Every structure is written in structure tokens, then in C-alpha cells.
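Two complexes come next, and they have one chain in common, chain A, joined by chain B in the first and chain C in the second.
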Partner chain A sequence: MRRIWAVATNTIRQALRMKVAAIFIVLLLVLLPVMGFTATGDGTLKGRLQTFVSYGLSLTSMLLSLLTIIVSIYAITSDLEHRQIYTVVTKPIRRYQIVLGKILGVVMLDVALLVLFAGIVYSVTSLIPQFMKASDQERQAARNEFYTARASLVPPVLDVQKDVEALYTRLLRNDQLDLIYPNMTRDEIFKQLTNRLRLEKRAATVGQMLVWEFHNVRPLDPNQSLFVRFKYDVSVTPPDEQVYGDWHIGDQRQFLPGARVQHYTRTVRQTRKDAVRKFHELEAPASVVAKDGYLAVGFFNPPLNETVVLFPLEDGLEVLYKADTFTGNFLRAVLLILCRLVFLACLGALAASFLSFPVAILFCLVIFFTGSTSGFIVDSFGYMSETTNRIYTYTIQGIIQLLPQFDKYSPTTYLVSARLMTWGFLGKVALIMVIVQASLLLAFALIIFSFRELAKVVV
Partner chain B sequence: MGPRSRRRASGNPCRSRNPRDNREPMDYAIETIGLTKIFSDWWGRARVYAVDDLNLQIRPNEVFGLLGPNGSGKTTTIKMLLGLLHPTKGHALILGGDGTHPKISARIGFLPEESYLYRFLNARETLDFYGRLFGLDARTRQVRIEALLDIVGLKAVASRPVGTYSKGMARRIGLAQALINDPDLLILDEPTTGLDPIGTRQIKDLIQKLAERGKTVLLCSHLLADVEDVCHRIAILYGGKIQSQGHVRELLQQTHKTQIVSDALSDTAVNRIRRILSEEHVDCEITAPMEKLETFFIKTVVEAQQQARPTSGAVSTTQIGDFLAAGTRKENILDKLVASSVAEKAPVAPARTETVQPRETVTPEPNRDVLRKLTLTGAAAETERVAPESGPRTPPVETPAEVPQEEIRKSVLDKLTKDDTPNPPAQDGGSGHA
Partner chain C sequence: MRTRDSVILLVGLVAAVGLLVAADAQLDHINDQRETLKLVINPVLENAPPSLAFATVAMGAFRGLVVDILWMRADKLKEEGQFFDARQLAEWITKLQPRFAAVWEFHAWNMAYNISVAIPATQPEQRWRWVKNGYELLRDEGIPLNPKSIQLYRELARIFQHKMGGVSDDAQKYYKLQFAEEIGPLLESPDNGLSRRDEAYYEALTRTPTEWAQIAKDPNVATLIQALRAADRNFSSDEDFVRNYLTLRQEGDPRPAGGDNRASSKFKPAAFEVLDAYRGTEALKRFDVFAKAYQLRTVWKLDPALMQEVSRTYGPIDFQDPNRHLPLDWRHPDSHAIYWALKGLDIARQQQDREIEVHEVNTDRMVLHSLQNLFRYGRIMILHSAQAPEPPVQGPAAAYQQSPDRYPRLQKDVYLGPDPRIFHSYEKAFREIFVKYGQDRGRNESFSNGHRNMLKNAVLVFYQAGLRGEAQKIYSNLRTRYPLDEFKVSLDQFARNRIIEELDGFGIHDASEQIVSLLINAYGLYAMRDDNAAAANEQLAQQLWDHYFTLFGDSERIDLPPMRVLRYFALGQFLNSEAYPVSLRQALLTRIELEKPELLKELKQTEAELQQQIERLQKTQ
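This part shows the complex of A and B:
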């Protein structure tokens, strides 16, 4: 361990004194504070904060990622290139210890820089409201929708498999399939039917009430608000493109016949008129949640509407409540970035163990940018898999699974929308990115480095 | 430091007295068995035998010179010994084992053909880094670093990044890093390249001191003078094969000639000798012996330093004083550093005893030997070098002879070899050994 430590500290010295890191550090030190006062977003305080946190953390993450790639590769290849490895590897140190030391050095550097820059982003984020003129309303909005970490609850996706099958058989028997769904395969029809049935469960005809039940709702503070975020869709668009809604939020169990209630929980009722196909948030005190974490949200479609009101499947309705502080969320976002950096350090070590500096950099950058757009890539291959055969499933898909999914696990989306990033989620990312993927890369790097010839052939 | 300290702790006095007993099951410090390295191109064709069936045996406690022209396989051999290259065929054993094993490499000091250093570290940090790789504790590192900086004469520039060092300085720090673990075996690849004559001399002296302390040295060079001066045995490589091998003196001795060195003789004495020899029907040539250019050069520089100390010399390569004028405290440290368990046996240089020295009387005290080499006008050790013409430089050499001796008497080298006998009084430069 002492030897690994010696290599690690030497790597940090190298990164700092060879001015590789200096460029990135100076860049960030200049850019971050400047951005704090130039990022305006949509002009509101909240918009400004969202823009700054988003750009600030993305920039930090991006530049530190590049720095990690460069330093981890340089630390190994320059030793080989400039042959300092001759004097190092002939000392009583195992080769794997050298590589581990290098990676440890890079990760330590990353941690230090991440603490520094995340600290700057955090400080600027906390300072912006003090240096900005903003109305109380804006400040209120920023407090409720930015300086918080809201957990999100969405209604569970209903299992409609049996209903779909029944419906399919009925349609088939009545020879209606070809009429309604011409030229479609069975799979495609099933998909359509599933969507249709699911949507039916989220549609309220005039005079009908929809009730969603949530369990395990744990607001951080019952004195604060919770929000129902919703989006209407309608079968017939009203002339003013607005519909009425009669909302009931609270513990509906206490109204059921024969219910034995010990503590009455507060119930909120709101009637409002909102534009269709746009997001709205309905605020209610968090005390509407029952002691056991139960919450029901009901929507009544009043006769005034004259149209069916639907809540789209993906984002029609969710309940948001403050589950943690902004600080906690920010901390987890930073740790998420660290996971990414650890992965990249191991990737760099692997590339450097068998490639020369420029090629290794290229290799890592390709992986990095692929990882940053992995959603797109996975999706496009996903579509392909529906049409291609099994060979795909067992080859390309396997490789894609090994790709890092930086965009899927983006830290900023959580902060911008003030969504709670749970420790569970962070743990999952750490498990995938660090414990599985990075360890695998590291193992390959160690094996290659341990068995390769370190000297160049000179005859 | 594991094996080393354990061995010391075992502290068997008999063992430490006799180096031969110190070898555990192994017979050789370095042994290669049919070592072969073939380099092929990408397609596996055009094969070059860099090293071809090499069988090398280097005994503990000897200074072994591996000679050969460029590309003869010297460095490749070393790289295979140290595990930097994998042999195509054969085996290489260092200290009886695999050179890459930490237990073995903890006892090896290696100086590559160029000092490959971390340019961004300064001399102290460099040595500290390597010390930490050996797992030395902070105190030991501190002590050794200061001692080594003294030995290699880099104390004045120790806080400068080594990237700014001249080649000679880089070489010195490279040598220092090879010594930080007090190695049993030193592998030096071209240790004197880039060094000025004084630096070269110092390194050569250091190698001899280390050999006297029981170290084994594998010296790899194509500078023949270096090898001739310090090595006990040599092997000449060409095309990856050993072309010639043996003791230096045996290989170089001219058994059909005799050389007599004496104080300056009168013409009559010379004529009498000529007469005696002609009666024996032997041709002879009588001249004033030539000084080695190296000795002369060192003397001249020392003299110049005495008169006006150059202040520009951030580089200590020309400052023999920097290296030599170590105080008592440092010398003790140095002693500790260089001394191994065989330190006590230093008075009789063990490896020397097996060298054949038919026509040279070597004083048993190694310090005198070195003193003479540094200062004597008639380089007694180099008997083979018969000077054909009389040199015009003899007189200027005589006069300043006193000064360098003064200087050198204080030398670290001296103290290094201090075997409980006080420094010998300055010897008369001209005293002859017949």
C-alpha cells in the first residue's frame, strides 16, 4: 500500500506540475463564477439558478472527465514513452501496484478538484438570490421548485395483459381486427391495444372521478407543500383550450363507510381551470399525507367540461413532495459525477496499457462521447433488434450493455427539476459504473500491463 | 528492506566475515542459461538475434564488465535480467531468483542506459520517490538522500527540477537512485556517459568502493577505459554472443614483456641498465613514464579551483571539492549507507584476491591504492601502458602535486574506505613500485 501510495502521489505531482491539470483548473476557476452572473435562463430567479447549476455542473463534469482521461492515460504512457518505468518497475513493486497507484492518484486528484469546483458551484448557487433583485413570488418559486429535492410519485403502470388478450380475441372473433388495425402484425396490434386500455384507465368521462393511491409518501417536513404536477389531454378541445378540474387530495380511506379513524388527516379540495396539454402544479400542504404514508389524489371531471379528460401515459400525473434538501441532492449529484470519473480513470488505464498516448486518447474520447449519447445509441439498436435476429441480441447488445450510460445517469437533470435523487439510485449507478464496468476494465488493464514487455525493442 | 534487514538481524558473525558463505543456495549473483532474445517484425519475419544463447555467470562480490559495440545485446541482456523484456528462450537468474520478484529487486540497484527521471521532480523528491518504492521509512530516506546527494555532488542543486539538469547531473542522480536501497547487486548500464573526466573518475572510484564493501556490480559499457579500471572480469559481446571472457589482467597482460618503474635515474645508471640488458640479449626502451591524461586533467582542474573558485558552477561536475569535502557527520552516514554486512571485511578487497596480478604490487590498503591513482605521476596500476615517448608535461605535474593531495586527503572516498586505520600520510608522488 505504501508503494501504491508513492506512485499515487507522484501521479498527482505529475498532473499538477506538468500543467496538464492546470489548464483545466484555471478554465473552471474563471468560467464558473463568470457563468454565475451571466447565466440568465428565462429571466426569473429560478430560471437563472437552473441554468447556472445545469451549465456549471455539466461543465465541471465535462472538463473533469476530459482531464481524467488525459491524466490517467498520460500518467501511464509517459512512463513508458520516457522510460521512467525502467527505474520504477525494477524496484520492489508489482506492476499491478503501479497501475493501481496511477489510478488512485487520478481519482484523488478528481476528488480534490470535484470538491473544489462543486464547492464553487454550490456557493454561487446559494449566493445568487442575494445578489439578484427578485420579487417575493420569484423567491418563493425558487424555494419550492429549486432549493429542494422533491420525490416524485407516478401512478403505477397497470397490468392489462389479460384484458388485452380478451379484447384481441373478441375483435378477432368478430372479424374487426382488419378493420381497425389494417396491415399490422399481432405484436403491433397488441402494443396498440395495451396503450389504449391503459389510457382508458386514465381517462375521466364527464361526471367520472379518477382516484390514484400512493403509499410510502414521506415528506421531509409536513409544514411544507406537496405538488401534484399534471397535464390534461382531451377528446374534444374546448374553444378556450381550458378545462375545469375538481381535485381532492388527502386520505380517502377515512370517508369510506365503516372506517375507524383515529386521526383525521386534512383533505384539500381545489376547483380550477387550466389550459390543456400544458404542465400545471397544484400545491397542497404536506399534512394531507396520512401518518402511514398514504395519499390519495382524486380528479373529478365536472359536467362543465363536455369532454373526456385524459392524463397522458408518460407524464400525465405525478405527485412531488420535498423529500430531502437541495444540499443532499447536490451531494449525490456530485458523487454521481465521481462515479463517472472513476469509470473514466479505469478506462484510461486500460487504453494506456496497450495503446500509445494519442491512440488511447482517441479511444477513450470515442467511448466517452458514445457514453454521453448512449440513450440514442441504445434506442436505435433497440429498434433494430425488433427486426433483426437473435445474433444481434447476444452480440451487439452485450457490448452496448458495457457502454457507460452517462446521459441516462445525468446529475443535472435531477437538480434542474429539483427531483430527488435517491441513495438507492446512486447506489445502483455506482454498482453498474464502478463495481461492474470499471472493475472489469481495471482487471483487463492490470492483466495486460502485468504481462506486456515494458521495454522497447532496440537492436 | 525486508530481506536485507532480516539478514542483518540474523547477525551470524561468521557469515558476515566471509562473503562466500553469504551466498545461500545460489552460486552466482547473476546467471543466465541459454538466454536468447529474438526480435521479429510484425509478421514474425526478419528475425534478429539480439541475444543468442548467452551463458553468463557473475559471482557475488565481483565487478563484471559487459563490453561490446552498439547493438551487441548488452542492454537487451540487462532488460531481460530485470524483466523489462521477456526472453524468447532460456532463463535469467538474479541473486538466485526472478529479478521481478519484490524480494529480489529490493536488493538490486539499477541505472538504465540513460537516467530516465521524472522531469518535474527535484533531486530530493526523486530520491524520496524511489526510496518510498523500496518501502523505506521517512527517517531512513531522509538520511540516505542527504548522504547520496553528497556522494554524487548534487546537494547545491537538489531543489531544482531534474528536467533542468545537464546530462552529467542526470547521470549522477540516476546513480544515486540506484544506491538508495543499499543494494547487494548494482546493474549499471553505461554509468559514465555524459560525465566529464572528473565525474567519470568519481563514479569509477565509487564502484570500486562499493565492490570493496561486498557489492556485486554488473557494469555495461563500451568505454573501455572505464571497464579496464574497475572491472575484475569482463565479457565481450558481439552479435548477442560472448566472444571473449575472463579476468581483465589475464586478458590484457603481455607475458612477453617486463616493465620496471623507478625514481628518475641518472644517465650513467640508465647506461648501466642498458648494458645489463644487452648482455641478456633483450631490447629495451627507457623513457620517463607518461601520466594518464585523466590524472593530469583532474589535477589541473583541482589546481584551477584552488586558485579561483568558479562561482558559475551550479553544476558540481567540475567541483571535485563538493563531492570530496564531506564532513565527518556525513561520512558516517555514508559509511552506514554503503556498508553492508560485509563492511568489516573491507581491508582486503575480496574480489581482488582472485585476480591475477603478476607484475603489480598492490598495497593491501585500498585507500592508498585510490590515492595513488588520483595523484601519482607514474600511474603504477597501469603497468600495461608502456609509454613510448617522453612527455613534455612531466614538470608541471610535479609542482602542484602537493595541493591535490591536501584536497584529496579530506575526501569522502578516503573516509568511505576508512578501515579503522587513520588516513595515511601523503605519499611522495614519485615513489616507485618495482
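This part shows the complex of A and C:
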């Protein structure tokens, strides 16, 4: 361990002597505070905070990622290029210990820089409200919708298997399958029917009420607010693209006939008009949640509307309530970035173990940028022609799935929308990115470096 | 390095520099050819701001990549329903792709339409912010960088006409009020005794100097400028002088409800004293007009000369002299829609042998629709009233309340009424467009359908307003141009048929509601001193009552109250309706007392009769 530690400290010293490291560090030290005071967003306090955190953390993450790649590759390739490796390998240190020491040094440097810059981002985020003129309403919105960590509850996926089978059988018996679903396999038809039946359960005709029940709702502070985030879709778009909605939130069990109520739980009713196909959030006091964690959310489609109102399956409705603090969420976001940096350090070590410096950099940058945009790339396949889509799906998509999906695990998404990033989620990412992927890369790096010919010139 | 290598290097360098110089020398000629051969729509980007020049050039081949990343981010945030970064991303994308008109069009539409409606209607000020972001992006940045792109003018006109001038958005009244409040002070000069209705005001705006340096040289005005500079440091900068002067005037001049804003102003009392000292002087009169023209040009990007021309072509006519056009009300968004649409059409017209594209057709349509809107809702009335202070909220909800007021609040409401004077401008615009599209049957037919409907509505509007002569002229035109069976009847019969068409399908209960609703409208218009429109509504209410009294026969007559009873109910509803400001309701009562004593007597009699009926009913129970 002493040997690994020695290599690690040496690596840190080497990295700090690098001009690129100094440039990145100075860039961040200057840009972050400037960004904090110049970011305007949409002009509101919340918008400003969201913009700063989004760009501040993204910039920190990106620059530290690039720095990690460069330093981890340079640490190994420079020793090889300048033949300094000969003075090291002749010492009583194993090759795998050299690589481990290099990576440990890079990771320690990352931790130190991440703490520094994340600290700056956090401090500026905390100070912005003091320097900005904002109305009471804006400050309240910032407290409720930014300086918090909201857990999300979505309605459970309904089991419609039996209904689907019954419907399929009926359509088959009446010879309607080919008419309605031409040229489709049984599985494809089942998928369509399942979606259709699930959506029917989330559609309210005029005069109909939909009720969703949630359990284990545990707001951190009953004096705070919870939010119901929803998006309407409609069968016939109204001329002004808006529909009325009558919302009821609370414990509906206390109104059932024969209900025995020990403590009356407050209920809230809101009638409002909202645009279709856009996200909206309605606020209710957290005291509407019953003591046992039960919450019902009801939507009534009033006769003022002349259309069926649907709530899309994926993102039509969710309940958001405060479950943790902004500080806790921020800490987890920073740890998520650290997982990414650890992965990149191991990737850099692998690349450097058998490639020269420029080629290794190129290799790692391609993987990094592809990993950062993989979600968008895969989504874009859907907009291409059917043939091209199929080709890409069976070739490129497979390769992309193997790569790290940095955009899927983006920390800023959680902070900007004040959504709770749980320790479980962080653990899952750490497991995938660090324990599985990074370890695999590290293992390959150690094996390759251990057996490679050090005196051989690599071009 | 060997000598041979050095020589090769030197020759290479010299050749490179020489070729670069030669290429640069050709650049102007190449750009001229691009314009002559019509290879590009927009001129070469010259004198662009440094940030724009840097963004479009310095990134080189990476510009496309950066643009892709920004679009991806914008798309992702839009899918998530997050709009905090929309404005900034729109700014960056448009900076990197300044010549791609569709980019400007998309972002302006996204902000004005998509993002604004995502905000609840209970926050109209937030909605207004996004609508404003949308049209400012086009007006202040998109169009100056793409001055020949007609689609940007059309989109800007559309935001004014449809989003702000239309009625589909719940917050449309708020938009109209804010817009009118912001531009209103620039449309009049009380120092010169000129209001927005005076042609002379717009004439003065076109004649005043256009540059600061020119007005500063005027010896009269120079003393005013120096006095303000000496009085307050806010006036030390030339760039901010005009803006600060206009703010000073707004805060220092008396308000409609009395008082002024001097106490809470950022300006020193000495500045107000200068203002007071110069009131009525030639210096202030000249500078006032200059400042307003300057603000219209630089901030609102409106050319007073073009405003004047647009008013002279499409302004409302003076019924006393139909050849004379009065100024458009530039507080109305549709006036701006016409302005920008005409500017775009002007650009298109510069290409004589062009093929007319869909953007140009739609821009022509924009002019017609805006004129139709002005016909239907062109009169803006801003009413001021005092509202009781909001009581302090108790309990946990107190955290959500802004500081409770101690004093009554001044509330403003905007009301829109029809402006029949616009009709002739509409008719003229239609005729020009009809000639323009000459042989294109499809487009002509489409324009003609809209024209026919407009004429039908106009006949009814003028007929109900008591302007029978005008109604007859329009009807004659309608019959000549569109010889359909429905127009082969007399004017009176046509008007009756139209009313019955609108009432078709109403039951007896609907009829009572409709009559009361028309009477409430009539009372509102009467309170606003729009007597013609009030009379039209009252007449229509009477016609409706007559129609149903005849139609439903004896068995159902008993359910249709007498007209005087419906008038009484309508008055009661109007006086209790919070949709109308208190001042308006009081104004109605005053007018009825002073000008319609017979109506007052009838209402009092009806009230007494109803009271007796109620007492009789209570005794029998």
C-alpha cells in the first residue's frame, strides 16, 4: 500500500505541474463566480438558480472529466515516452501497483478539485437570493421548487393482462384483428392492446372522475407543500388549447359511507384551466396526506370541456413532496459526478496502457462524448426512415448500450427540477459505473500493462 | 534544418500569404456577385456586434457541433417542461445561426406560445414576460440580422395579431393593457397639445431630428439638457438621457387618478423642478417630441414616417370626410401587426419578377385579419378604478401572501369595442390584394370567402348601429360582387334573416338569458359612452324578444317575462357584476339619472311591481 501511495502522491504532483490542469482550474475559479452573478435564466429567482446550478455543475463536471482523461493518460504515457518508466519498474514495485497508484492519484486529485468547485457552486447558489431583488412570491417558489429535494410518486402500472387477453380473444372471434391491426404479430398486437387499455384507465370523459391512490407518502415537513405534476392530452384539441380541470386532493376514505375518522385530514379542491400537452404543477399543503401515508388525487372532467382528457402513461401524473434537503441532494449529485470521474480515470488508464498519448485521448474523448449524448442519438433513430432505423437499432444501438450513459445519469437534472436523488439510485449508479464498468476497465488496464513490452515503440 | 528545406518553407509561406491576400481582394467582388445572381437572401454580415462576429467565425468547423449541442439541450429541456433556460438558449442558437430565419421564427414562437401557456393564467405577468421575449427576439434581433426574410416579419405580425390582439389566450386582456401602457406615453405630447388621435402629432414625429447630436445642437433644447444634467447625475450619459427623461416625465406628470410618483422616484427633486420650470417652453415641446420619436425608433423599432403612411392608408376613416384617414390607435397590437406585415410585403415587392410564395400570401392575409380585428375590437378603453385594500390573511397561508396593503389600490381594466370606421380600410386592402393575386383562382377564392363573410358581418353591425346608409352601401356591394340567393332580399329582410340565423336553436330559457346578456352589454356600452353600440345591443335584445314572443305561441309566453322586467334584471346584474369596475357601474347610474329619466321611472315602477308580487307570494305561503 505504501508503494501505491507513493505513486499516487507523485502523480498528484505531476498533474499539478501540468499547464492544462492549471488552465482548467483557473478557468473554473473565474467562470463559476462570474456565472453566478451574470446568469439570468428566465428572469425569476428560481430560473436564475436553476440556470446557474445547471451550467455551473455541468461545466465543472465537463472540465473535470476532460482533466481526468488527460491526466490519467498523461501520467502513464509520459513515463513511457520519456523512458522514466524504466527507473520505476526496476524498483521493487509491481506493474499493477504502478497503475493503481496512478489511478488513485488521479482520483484523489478529482476529489479535491470536486470538493473545491462544488463548494463554490453551492456557496454561490446559497448567496444568490441575497443579492437579487425578488418578490415574496419568487422567494417562496424558490424555496418550494428549488431549495428542496422532492420525492416522486407515480401511479402504479395497472395489470390489464386478463382484459387484454379477453379483448384479443373477442377480436379474434369476430375476425376483426386483421382489420384493426393489419400485418402485426401476436406480441405486437398484445402490446398495442395493453397500451390502449392502460390509457383508457387514464382517460376521463366529460363528467367523469379519475382517482389515483398513493401509499407511503411521507413528506418531511407537513407545513410545506406538495405538488401534483401533470400533463393533459385530449382527444379533440380545443380552440384555445386549454381545458378545465377540477382537482381534489386528500384522504377520500374519510368521506366514504360508514367511515370512522379519528383525525380529520384536510382536503383541497382546485378548479383551474391549463394548456394541453404541457407540464403543470398544482400546489397543495402537505397536511392533506393522512397519518398513515395515504393520499388520493382526483381529477374531474367538468362539462365546460367538450373533449376527453387523458393523462399519458409515461409522464401524465406524479406527486412530488419534500423528502430531503437541497444540501443532501447536492451532495449526492457531487458523488454522482465523482462516479463518472472514477470511470473516466480507469478508461484513461486502459487507453494509456496500450495506446500513445494522442490516440488514447481521441479514444477516450469519443467514448466520453458519445456517452454524453447517447440518449439523444438513440431517440433520433425514431425520426429516420424505417430501414435506416432498423439498421441503426441492430448495430449502433447495441454498441451505445455498452458505453457509459452519462446523460441518463445527469446530476443537474435532479437539482434543477428539485427531485430527490436517493441513496439507492446513487448506489445503483456506483455499482454500474464504478464497481462493474470501471473495475472491468481497470482489470483490462492492469492485465495489458502488466504484460506489455515497455521498450517497444508504440505509434 | 537543411538549406533546401528552409527555402521550401520560405516559398511556401510567401505563397500562402500571397494567396490569402489575393483571396481577400476577391471577396468584395464575390459578395457582389452573390447579390447580383441572387444566390443569397441576406447581405453579408457587416458591422455585426463583436460577440456575434466571434461566435460565427471563431468557432470554425465546431460551430455546427456547438449548435447541435444547444439544440439538443433545448429539446431535452422542452420535453421535461423546463423553460428556465429557453431564452438564453434561443439567444445562443440564434447567435450561432443568425442567418437561418427558421431558427429565429421557431424560438420566438416557442417563447410566445409554448412557454407562455405553460404558466398558469393566474400569473399573467409571467405569461406576458414570455410573450414579450418572443416578439422582442424577432423585432430587436432577428429582423435586423435578416432584413429580407419576409417570414420573420410575418411571424412578428402574427404574435401581435393572434397572441396579443386575439381573444383565445386567457391573459389576452392583460397583454393588451400592458402593451397599451408601455407605448401609450409615446403616442401623445400634452406639452404640444397633441394626442394620439391628432395627425399633426405623427407629422411632428417625422419632422423632428433623428439623432441625438442634431437635437443637442439646438440652442433652445441645449439649455434644457444642461439644466437636467446639472440637476441629476442620471442625465449625465447621452445614451441613457432620453430613457431617463421619459421616466422622469411619467413620474413627474400628474396621473389620471391624481397625484404623481415623485416621492418614490429615483430622480432628485431638482430634476422635477427643472421639468416644472420648463413647462410650456419651446425647448420642452421640441425635446418631448424628439424623445418620443427617438424611443419609438430605437426601442420599438418603429419608423414614425412609416407609421404615418400606414395610418394614411389603413387608418379609420372620418365619417364626416370619408377620404380622410385618421391615425390608427397604436396602442392596439393589431396596428403593429399591420405595420410589420406591410414592412415584410415591402421587402418582398422589391423583387419584381419573384414567384409569390406562401409566406407572402400569409402576410397579405395577416393585413386583412388585423383589419378585421380592428373592426371588431379596435376601440381600446382603459378604465381606472380604486379597489379596496386586500385584508391581511391569517394563519399558515399568510406566508403565501404578499405584504397586505393599507391603502386602496388603483386598478386598471381594458375594454375593447368595435370600430366601424375601419371597414373602408379593410375594403380597400381587400381590393388591392384581389388585384395582386389576379389570375390565381385558388388564392382569390380563399380571400373572397373571407371577404364575403366580413361584408355580411359589416352589414349587420352598421344596421344595428343605426348607420343604415352605410349598411345599404355595403349590402349593395355584397349583392353585386356575390350574386347569391341569400342576398336577393331587401336590406331589412337580410338583417332579420341574419339575426334569426344566430338565434336558431335557442330555447325559451336561452332566449331570456340572451336578452338579459345583450341588455347588460348595452348598459356597459352606455356607461362607456358608446351610445351607438349600446343602442344596437338594445335593439337586438328587443328584436329577440319580439321573435320569441311570436315564435313560441300562447302556451310558453308566460315563461318569457316582459321586456321591462328583463331590463330591470339586467340592470341589477350589471350593478352587482364584478366584471365591471365600480366606477363604470356608478357612471351608468349617473347617466340614467341625468339623461334617461323615463328609463329610470320605468325601472322604479318595475321594481315596485316585483316587490308587490313577492309580498303577495309570501302571504299566500
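We adopt the following convention: the second predicted complex is superposed on the first by the 403 of 459 C-alpha atoms of A that agree within 3 Å, B and C clash if a C-alpha of one lies under 4 Å from a C-alpha of the other, contacts with A are read in each partner's own complex, and residues count from 1 in each chain.
In this text, contacts are C-beta pairs under 8 Å (C-beta built on N, C-alpha and C of every residue); 3 or more make two chains touch, one makes a residue touch a chain.
What you see is a predicted model, and the numbers here were worked out from it, not measured in a lab.
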Fit-or-clash call for chain B and chain C when the two complexes are aligned on chain A: fit
Partner chain in contact with A:Tyr264 - chain B first, chain C second, else both or neither: neither
Where the C-alpha centre of chain A sits as vertex, the angle toward chain B and chain C in the overlay (nearest 10 degrees): 130
Touched partner set for A:Lys278, first chain B, second chain C, both or neither: second
First, second, both or neither for A:Tyr86, with chain B first and chain C second: first
Which superposed partner A:Trp423 touches (first chain B, second chain C, both, neither): neither
Chain B versus chain C as contact partner of A:Arg17, first or second or both or neither: first
Chain B versus chain C as contact partner of A:Arg3, first or second or both or neither: first
Nearest Cα pair across chain B and chain C, whole Å: 25
Chain A positions touched by chain B in one structure and by chain C in the second: none
Chain B residues touching chain A - in the complex, by the definition given at the top: 39, 48, 50, 71, 75-76, 79, 82-86, 99-100, 102-103, 105-106, 108, 110, 112, 114, 116-121, 125, 129-130, 132-135, 161, 174, 177, 181
Interface residues, chain A side, partner chain C - complex: 40-44, 46-47, 50-51, 54, 135-137, 140, 223, 231, 239-242, 272-275, 278-280, 285, 373, 376, 413, 416-417
Touch list for chain A against partner chain B, complex: 2-3, 5-7, 10, 13-14, 17-18, 82-94, 453-455, 457-459
For the chain C and chain A complex, residues of the former touching the latter: 69, 72, 75-76, 80-88, 114, 117-118, 120-122, 126, 129-130, 168-170, 396, 399-403
